[in-house]
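The same chain A turns up in both complexes below, where it pairs with chain B and then with chain C.
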Partner chain A sequence: MSKPSSKMSLDKKHNMTGWAFLTPAALLIFLMSFVPMIQAFLLSFKMGKGNNLSTADPIFANYTRMFTDTVFTQSIKNTFFYLIIQVPIMLVLALILASILNNRQLRFKGLFRTMIFLPCATSLVAYAIIFRTLFANDGLVNLALVNLGILKTPYAFLTHATSAKIIIIIGLLWRWTGYNMVFYLSGLQNIEYSVYEAAKIDGASPIQTFFKITVPLLKPTILLTAIMSTNGTLQLFDESVNLTDGGPANASITMSHYIYNMSFKYVPTFGYAAAMSFLILILVAVLAFIQMKVGDKRD
Partner chain B sequence: MTKGKKFLMYAFLILMSIISVFPLLWMVMAATNKSVDVTRGRLLPGTYLIENFKNLLAAQDVGSAMLNSFKYSIILTFVSLIICSLAGYGFEIFHDKAKDAVMSVILLAMMVPFVATMIPLFRMFSSAHLLNTTVGFLLPTVSTPFLIMMFRQSARSFPHDIIEAARIDGLSEIRIFFQMFIPTMRSTYAAAMTITFMNAWNNYLWPKVIMTDAKSQTMPMVVANLTQGYVTDYGMLMLAVLICTLPTAIVFFCLQKSFAEGITGAVK
Partner chain C sequence: MKKKLLSLLMVGAMTASMLAGCGDSGKSDAGTDTAKDDAGDAAADDAGDAAEGTEAAGDAAASGGENTLTVWCWDPAFNIFSMNEAAKVYQKDHPDVTVNVIETPWEDIQTKLTTAATSGALDTLPDIMLVQDNAFQKNVITFPDVFTDLTNSGVDFSQFAAGKTAYSVIDGKNYGVPFDNGAVIACYRTDMLEEAGLTIDDFTDITFDQYVENGKKVLEKTGKPLLSMQAGECDLIMMMMQSAGASLFNEDGTANILGNDTLKIVMETYKKLKDEGVLIEVNSWDEYVSSLTSGTVAGTINGCWIMASIQTAEDQSGKWAITNMPSLVGAEGATNYSNNGGSSWAVSSNCKDTELAFDFLASTFAGSTELYDNIISCGALATYAPAGDSEAYAAPNDFFGGDAVSSKIVEFSTKVPSNITGVYYYEARDAVATAITNYINGGDIEAELQTAESTVNNQMQ
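After this line comes the complex of A and B, so read on.
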């Protein structure tokens, strides 16, 4: 207390050390996320091919173009189809698996957990190619279905619009259910097991326990996984490229895949691609906001 | 629990486990068989592994792709762990209002989809001559809000008394971090390592954008290239998929326990 000035400088030094620790990471995020995001926004008002860009006329030309571009509207529909069908099925399945595996009387718990989590060890490209091969015309699934007498001739899963989309959903479920299950298992470990034992003594059925205890107590984790999955699905790329190649005739293409094609596969139209990518940014933000609002309300 | 219910529960778990494991097991078997045997539905190990391997080496430059993937992923993981743990530690141990505000802004970056930053990044990197370089590969993903958050959580459980004692002993802040924080938080580092290495190895979109030179391609890119031809050699293709999966699978198995622990830490 006798020397307030020296204490001040010590505090200041302490404070500066803190900033020194976090500056590299913070600066990188600023330069690699926020700066490009603003650049993408500015770029979305430019027109032209390659690096030969000029201001769009009218200024919103790229944005109005999106709504008349049938491939892009198809890619939005596809992405939302994956989102609406796959994410709820996956999260419910993961929750059910986690609550079964949380049961203390269960045997071989570790083994089941490892096996169900195993798909997460494969890369997205690798599993997309495995599924593409399994569901090929001469693939194992067709072979099995024909031999079992369910199909007379092999069905071209990947060249029919609806089945191609369903195969992508099956692939996503396979790859990500175990991943989300691990999050729920971690969340369940924070819940006192005695709560479950008390519920059992009170005569609650497993289904009641699931809805009255597990789901409400896991709400923050469910919210986190819902936001992560929504975010991931809106950015789906690897599967669309390697499982179906967006086909047949763009019937299963995702938004990211189409943006990639417009920027790097064909003659680049960076301005238009940036406008489309900015729409994804807005969608991600809006959906995350809605999910957080819904998550808050149920209290 | 009644016997019937118990039976149903185990049946469900066994079914889910089979579904989860079967495609991977099939991949391993297919890698050892001739393409015709794969399409005939052979599910047993074959004797064609070496032949598939020779064909694979002839079809694509797998050796250099593996080397590239290892180089990019290991350097990225190492740098990322240091930068993000420094930041997580800094945000927690030296926290004040200004730093907390910066942290919330950083968390917003989690919401920025990669496609939205990809095009400006590509333009930026191509004018800075960073295409086909390791630096170009790692810069966009080396600092992630997720890792910073994870290390901030773990720093919360790091006892402040130890830091105070070390300060009194005259240890500099950076030495406290390297000599005391890192050794104590080994399990968090292991989890962060697993996540970062797997993400780096599996990354497909960004390398596809900046690795324009065939010599700089990564393993997932090379595997994807194999499906571009008209006739697919399934045995060779599955061997390539297997080789591409092995490194992440090994890391995953070695660090599985700490991976789950790390996620728990991040969720709390």
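After this line comes the complex of A and C, so read on.
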């Protein structure tokens, strides 16, 4: 009779130890992350400038206001433009680079891997400023194009709406492709090489191998990178601020940039800014949910 | 034993890195672009360097004790230098007073001020801080409990240029002692004008119509535009507006964008400058400065603090000249004078010894021509009228062809029409910048102004 009860207490003991280890971290996360989130949520129902906050009337005023705010709707469009164009290109590119680098015959693998990953080690602000300089009227790109005879006069890349957006996308590709590639490389390590050998013996072409073996087996990693990239793109800030300053005429401003302006550049409107942040949270959650449903087809 | 030592070292390293992590502000990166607005501070990079030195002193920033004044300002070569000079002047009569200047970039002052005001921790503020003129109204109205009313502080505000003092007057009360001059000057490369058969006199007291005509001649002969501006920033627009005393807001604080005739004239003038090739747009502040120093353009129009940047091109010494800006055609009250940028000293509500702070400001920045003579070397031009009569201001400047530029600029500054900055200055500025970009690209002027007005109205909610 006494035996099971003492076993229970041992179990309990183990549990208690586990909880003891968990508690400090959990408490800190709750205090530092969840409490501010709840406070921000409450703040999003308040209106007013600076410290003169009062409860919004009607209560969802900050949320309905977003849809009448032309700059904010423009920023949503811009952010989704980046998302739809940049994320697929980047992930496909990363996948291709990863499978090339995974080739056992390739020499200087370490060198190439480092070179592709290196952009991730640069600061976001620094690279954005360098890109801005590259595409300046008297920057390297214009100089090259004019001297090669492709352009007659320098093209103002950052003052035209479409080219400004494209340059942000190029910047993002440069900065983040290597980062995603590393995830794929580590995913590829988990695929048995014998699978590829078997495919080779069966006469599969490299393209067939890629689509029939690499992609399906990497699916969990692809899902992970897709969700992370979506999340990152929706919160895009540094490039918009430093590369184009949201211009020309708000053509490249992102949601986070506008939220920053609303809180610090303009007269502080924290309630509205908090409400906009929550819209981003909802968008990220919805998109991640869709991707999980689409991507996760376990039998 | 070895292991223990190693683990101790590791713990030490971790603690150190955590502590260092706390002090890492990372705020400096907003620098290059916005520092442009920090008009007094032409050297944008300083703001970045400054950030690091600030943090260590962060805790000591709170208002000083007995006979000590703590001051926040940002540029070691400019306003910090001036503050230290002011301290020296004051200490002659009051040897027991110390002034503790803490280098704080404007971006950080704004963030700290917002944080202190929203969290109620006003005791983190210094006694005196330097505030950008364009941000003055916004901060006083949003955070009234941060500032001290200076109207009856003994400072004689009538001695300052009216257009300048107006930045820091809210509801008829003075909250700031004007500091550096932002009077607009037009600078030209005389060697390039000569090639086109023109002299500086052809650019003095002219209208924008004449300016465009002259610009076309210069462009034809030298291939250089007269003017460069940063795309998407409407510095020139705001200067043109103020030159006719016009504002983007009405007295009652409502937006005055749609149906603002002066604004329409300004936009049309700007488009004309751009279409004729007299004006080129560049992408960033650095590019703008380099267009001046590398000789890509034959001149510029900006606040007089731009001289500091121009003078970095030492090989161009003697090739520059200064005069007043062109005036708008057809605008009511148009003049050849305007203002761009500048800053003013504010006394915080955390100041314990307001008597001391008042007396300090009244007898230095608002009462000592000696101080202004001392700081003229760093390019700090007074808005304090009596200083302009001093001999130091009449000294010729060889870089600008031996002209007495300092007294000239002080004279300009007294003629600047006053206008309404408005609390929502930055909102309106951005909305108008958007309208202009769209208008230049073929948009309809009325429709764009309508959009700008509704954007500002939405943001004012």
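To be clear about the criterion, the second predicted complex is superposed on the first by the 283 of 299 C-alpha atoms of A that agree within 3 Å, B and C clash if a C-alpha of one lies under 4 Å from a C-alpha of the other, contacts with A are read in each partner's own complex, and residues count from 1 in each chain.
Keep this in mind: a contact is a pair of C-beta atoms (placed from the backbone, for glycine too) under 8 Å apart; a residue touches a chain by one contact, two chains touch by 3 or more.
Because the structure is predicted, anything quoted here is derived from the model rather than measured.
K.L.:
Does the superposition put A:Q105 against chain B (first), chain C (second), both, or neither?
P.N.:
A:Q105 contacts chain B only, not chain C.
K.L.:
On the A-aligned overlay, A:F264 touches which partner chain: chain B = first, chain C = second, or both, or neither?
P.N.:
A:F264 sits against chain B and chain C alike.
K.L.:
Between chain B (first) and chain C (second), which does A:N242 come into contact with in this model arrangement: first, second, both, or neither?
P.N.:
Touch status of A:N242: both partners.
K.L.:
Looking at the overlay, what does A:L91 touch: chain B (first), chain C (second), both, or neither?
P.N.:
Neither: A:L91 stays clear of chain B and chain C.
K.L.:
Applying the document's definition of touch, where does A:T68 land relative to chain B and chain C: first, second, both, or neither?
P.N.:
second
K.L.:
Just to be sure I read the superposition right, which of the two partners does A:R132 touch: chain B = first, chain C = second, or both, or neither?
P.N.:
Both partners, chain B and chain C.
K.L.:
On chain A, which partner touches more residues: chain B or chain C?
P.N.:
Counted on chain A, the partner with more touching residues turns out to be B.
K.L.:
Examine A:I76 and indicate which partner it touches, taking first as chain B and second as chain C; both and neither are also allowed.
P.N.:
A:I76 sits against neither chain B nor chain C.
K.L.:
Touch check for A:K49: first (chain B), second (chain C), both, or neither?
P.N.:
A:K49 sits against chain C, while chain B stays out of touch.
K.L.:
For A:V284, using the defined touch cut-off, is the partner it touches chain B, chain C, both, or neither? Pick first, second, both or neither.
P.N.:
first
K.L.:
Output the chain A positions appearing in both contact lists, the one against chain B and the one against chain C.
P.N.:
On chain A, the overlap between the chain B and chain C contacts is residues 51, 123, 125, 129, 132-133, 138, 241-242, 264, 270.
K.L.:
Write out the stretch or stretches of chain A touching chain B in their complex.
P.N.:
For this pair, the touching residues of chain A are 14-15, 17-22, 24-26, 28-29, 32-37, 39-40, 43, 51, 97, 100-101, 103, 105-106, 111-112, 114-127, 129-134, 138-140, 143-144, 147, 174, 178, 182-183, 185-187, 189-190, 206, 220-221, 224, 231, 234-235, 237-238, 241-242, 255-256, 259-260, 263-264, 270, 273-274, 277-278, 280-281, 284-285, 288.
K.L.:
Touching chain A in the complex: which residues of chain C?
P.N.:
It comes out as residues 29-30, 32-34, 110-111, 114, 117-118, 138, 141-143, 231-232, 280-284, 286-287, 290, 296, 423-424, 426-427, 430, 433-435, 437-438, 441, 451, 454-455, 458-459, 461.
K.L.:
Under the stated contact criterion, what part of chain A meets chain C in this complex?
P.N.:
47, 49-52, 65, 68-71, 123, 125, 129, 132-133, 135-138, 156, 158-159, 241-242, 245-250, 261-262, 264-270, 272
K.L.:
Contact residues on chain B for chain A in the complex?
P.N.:
1, 5, 9, 12-13, 16-17, 19-21, 23-24, 26-27, 30, 39-41, 83-84, 86-87, 89-91, 93-96, 99, 102, 106, 109-124, 139-145, 148, 173, 177, 198, 201-202, 204-205, 208-209, 220-221, 223-224, 227, 232, 234, 237-238, 241, 244-245, 248-249, 252-253, 256, 259-260, 263-264, 267-268
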